[in-house]
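Below are structures written as structure tokens.
Below are two complexes that have chain A in common, paired first with chain B and then with chain C.
Moving on to the complex of A and B:
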């Protein structure tokens, strides 16, 4: 009896959280759109058409869903256990580069080749994540600052490797830096013809389901959750915190690397420098909006992908540019990150104290 | 090889280092207080980026670089107030809020760049900017003149701001209490210091100084704004304050180390070495400095306390 009321309260707070955030963002968004001389309803319907209007448009949405889900899962693993891996962007770049190289340097039969590229990409992302993990474990350098800085280094380093490998000239324009096209055998399977919706989506779904099952049913998952919720308790309970910390970092980097790899072998068919428009940061936002739940990551990734696909369509058909969407997504995350539960409890406490003092007066 | 070394001690490099240290120093003069009272603010990057844009806008509208700088400071203050409300009063996680801010900063500036200046990528607009000043008495001193002369007013005030910041932190009751909070915030609270008030003051001061450093980014010797123009300088401020543990003078020296490596980007760019390799230098310098200053922690290796 008591438990059901508690659950109801949790639900109520979540309902307030999401509906208030949505309402606030819609309001801010409408104002922003109107300020630029466009009707908000036209903009929204344009996004909707761009995301779901036709088979191709829906394919585009599905294409974006795969990297969103992968990087969302990578962020989920890290943030759920309190590991601040802000270096997803750099790990994506290394995964993408490694997969691009594995795609044209190695010859393998069709189905094995893309899988090989993905594993290589994952390992590359993992190795790049190893660096901040070591800095934290051995030298107590906060992973917040090291991963932030390593992102910049990763982008430049991936570019440098590409230039050296392809023997490009030193002053090559950044937009032209890319590796050789991958072999046809390395490409991911296209699910919807004419779009980039590929089997990356299946890979992403499998990984997400595995992560969900690990959290739900295994001891490892329980330990990971413990470290995030109460480190002292976990340590007293016999969890090897350092080992857990480093494995979280590596798994998170591995999945981020896979995300980069699928973009290379499923969309661009080569590693292009600066291909990821803040994809790594999308992961952080997605897992935050999803409140660190695997099921939530799938749902939010779908919404995020729809916005990504729709934003392009909106840009072509209205006076607005697609950055409006980026801005609104970030503002939405800010509203979501408010601790409504705390505010609610404070409000209830105040109300309780008020009623008590009123009673005393009577 | 020798030409690389020669370029390293060339006055041009030192002059560029002195100039490029400015945004870091201005930002540090305020952020050191935040660092002392225990605020880890990764949103600094967005503070700098957004105020760089608004500085340009202010200067463009009023054709006056000082009004532009004022726009920058005001936008920095507004941002810090929003951040403060979210983190101090609404229970938002500081890091996630920072990520949200940084992405908003990127989205807002690129959106406004298209909406106002109708360009994508970069806007070189017809606005007034801070011009370099020729100081007569420096002109005839050989080395000194090359390094310190012909800089803009912002470059000259940046070390002064650091000195003011140092004075406030180590010679005034405010600074004493702020440092007390840094040592042990619970004890400070017990001693009757309102921690939240100090956090708010340092938050707003850091917003204002980051705003001014944003003005340097877009208005120093040329009025220009481009997408992602700050390229991690906000994080460099954060890293210098971390290494300097909030001491303005030490943080300043660290910031100059970073800006020196950034300066090499210019003087080495004519040599056959790859551009990417040089551009990496300031970031690698951050890692190396962090590594060296934290090397002593190795004896506690493997112990995680979050």
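Moving on to the complex of A and C:
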């Protein structure tokens, strides 16, 4: 009995959490949309059509799903073990740049070439992630700060490298800063013609499945979970916390780097400075909503991708700006992050105290 | 306006769950005295003080100041009514000067701006009057502990305290610092203040008190004049609880030395020496009990023994003849040393994890799976079921969350995990703290069983009765030192209690 009631309560709190957040966001969203003189239903249906209305539209959704899943997995690995890697954006940039260079500087047969680019991108992201890990372990600098700052450094550094490499003029406009186009052999396979839905999706899915299997069936996965839930307990149990910390950073950075690489060799076919519209932060939000579960990351990535594809369509067909969707997504994450369980217990406690003091008065 | 008692409590009760932390405490504090409140850890001293400063609300009872009943709305309100508390852990903000720390929250104001001049005058007046030569403009980061304490005292005086509560004020001071503190306390009394002095060190009590109140198990045992009691009697009053449980220990032979600790010193992260060159050994099949008041260094001792903190150079921990002081917890597991930490929830288990996830922690690496990287569910579940069955942990399935179990069941689970791995030595802290009588008896029985089978046990406990019931040999930790306290049943509870409070048997 004990177990069912316990599970039941957890389930209830989760249900309340997600449905309340959804309801709140729908309400706020409707008000926001109406304030701009648009009908909320028109906006929603426009998003829906944009995401699923045609083969091409659906292809766009799938295209967005790949980077969402990759960066979501990268964030998952970090947050599940309590490591605050907020530097995904920077790691994406280094991965993207490295893959872009590997795409035109090296000549390799097809299939092998894109895989090579992806591994190079992953390693670049990993090396960039090594920096905050070292800062934390040897200089005791909180990774929250260092990863945040390193994002800006990474974006500008990638830009500087591109300028130096391509021998651009200093005063060139930012939007034109890009590397040479990659060779055709380095391109990812297009799954749906006329869209950017590529084999990146397969790579993302494979990585997510591997991560799931590692968590479920290996000793390392067991340790990673325990470290995240109670570090002291794991340390006493003989887990080498420093080694786990470094590995988490490296793996997280590796996958973020792959995310950047697939954007370069699957979508843009070159490294473009400032190409990522805050993908790194999408990853943080996706994991947050998915409550650190690999299955959840797959589902939430799909929803996130649908919104990304649909938002463009909505922008074209209504008076609304697509950033309205970003705003609502962020608000949704905020609502999800509320500790409803604590609110509930506090509420119960207060009610109890009130009834006690009433009794006293009698 | 002359009432004899500046502060009075009437029938103060406070329960935490089923535990009665304060049970009808009626205390009377005479104006202009130094009143010591003594008792073991968990006797209810801190709870009572927290009620006086309104950190906790009493379930029932009254507080009277100058004979009038008062009800505090907040901690600040309690301070306004004249009760000031100097906590054991100083509440000072780094990066600010002594002066800023003293006036914070109670600054003299000129409109909405802080009147630094007036505040400064007030602080300087207090320092002069009570002879605290404080470096007012120095950042507190650069000041020694004894000065920080003076700053705390000046702070409560600045806030207008008439009654000053000092919570274990000597625990972080050097002997010279203590002498300085005592003369300051006497000066406070001579200038009209009343001091409540919370401690568990008997020597200090007799040195400074005008009156002594003893708390035990949440009850006020009595208030005494220092001339009416001696250290022996006071220790008796403090620890002389009725023995509810008997372990029925059978004396038995012990084997060769398993663990030999020599000159072990441990520093905490602030660089304070917490374990001061202790030496002891444990024989095969022996239960060595270490008694002592909380905070005497037990935590640091066990962490160093288990490889969680590195001891000072020159320390030696030998296990079966092998030097292990530089090893880590994984090495300890592999050496077949088990550890049951004092903080059950914080470090003994993962309340969000399942039963089996909790059972295999440590086992997963030290005993291992085949291949070592693959989590073998069958093996993990079998081991967990064995722990649960052998140690009578009451669960539904091994997929239950540990957080849904009672404290006693969690403790059985942790003890079971560490005992089910054919360990040779077990380090166990407070084996039965806060669990029900049935579980206590069960764990005691198991401990004696395993010792009889040749497992060595180092038991560190704050429950003197437990130490006396189970140990073949008893040592007492006091202020980072270990003192021999004889073999099983050689000394009485009162005699050991006396050593725990820093007294000596030969006085």
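In this section, the second predicted complex is superposed on the first by the 344 of 362 C-alpha atoms of A that agree within 3 Å, B and C clash if a C-alpha of one lies under 4 Å from a C-alpha of the other, contacts with A are read in each partner's own complex, and residues count from 1 in each chain.
Here, a residue touches a chain if its C-beta (ideal position, glycine included) is under 8 Å from a C-beta of that chain, and two chains touch if they have at least 3 such contacts.
Here the structure is a predicted model, which means the values were calculated and not measured.
With the C-alpha superposition on chain A as described, chain C and chain B clash in the combined arrangement.
With both structures placed on the common chain, the touch criterion links A:140 to chain B but leaves chain C unconnected.
By the touch criterion stated above, A:189 is placed in contact with neither chain B nor chain C.
Once the two complexes are overlaid on the shared chain, A:202 sits clear of chain B and of chain C alike.
Set against each other, chain B and chain C differ in how many residues of chain A they touch, and the higher count belongs to B.
Judged by the touch definition given at the top, the superposed model places A:241 against chain B, while chain C stays out of reach.
Looking at the shared chain after the overlay, A:337 reaches chain B, while chain C stays out of its contact range. In the superposition on chain A, contact is made by A:219 with chain C only, not with chain B. Mapped onto the common chain A, chain B and chain C collide along 169-177, the only clashing stretch among 169-177, 259-267 or 277-285. Judged by the document's definition of touching, no chain A residue lies at the interface with chain B and also at the interface with chain C. On chain B, the positions that touch chain A within their shared complex are 40, 42, 86, 90-93, 95-97, 99-104, 106-108, 110-111, 114-115, 231-232, 235, 238-239, 242, 272-277, 279-280, 283-284, 286-287, 290-291, 294-295, 297-298, 300-306. Chain C meets chain A in the complex at residues 306, 308, 328-330, 332-333, 339, 341, 343, 346-353, 357, 360-362, 364-366, 369, 372-375, 396-397, 399-401, 404. In the complex of the two chains, the chain A residues touching chain C come out as 1-3, 6, 216-223, 225-226, 229-230, 232-240. Residues of chain A touching chain B in their complex: 36, 82, 84, 86, 135-142, 144-146, 148-150, 152-153, 156-157, 159-160, 163-164, 170-171, 231, 241-242, 245, 278, 281, 284-285, 288, 321, 323-331, 333-334, 337-339, 342-343.
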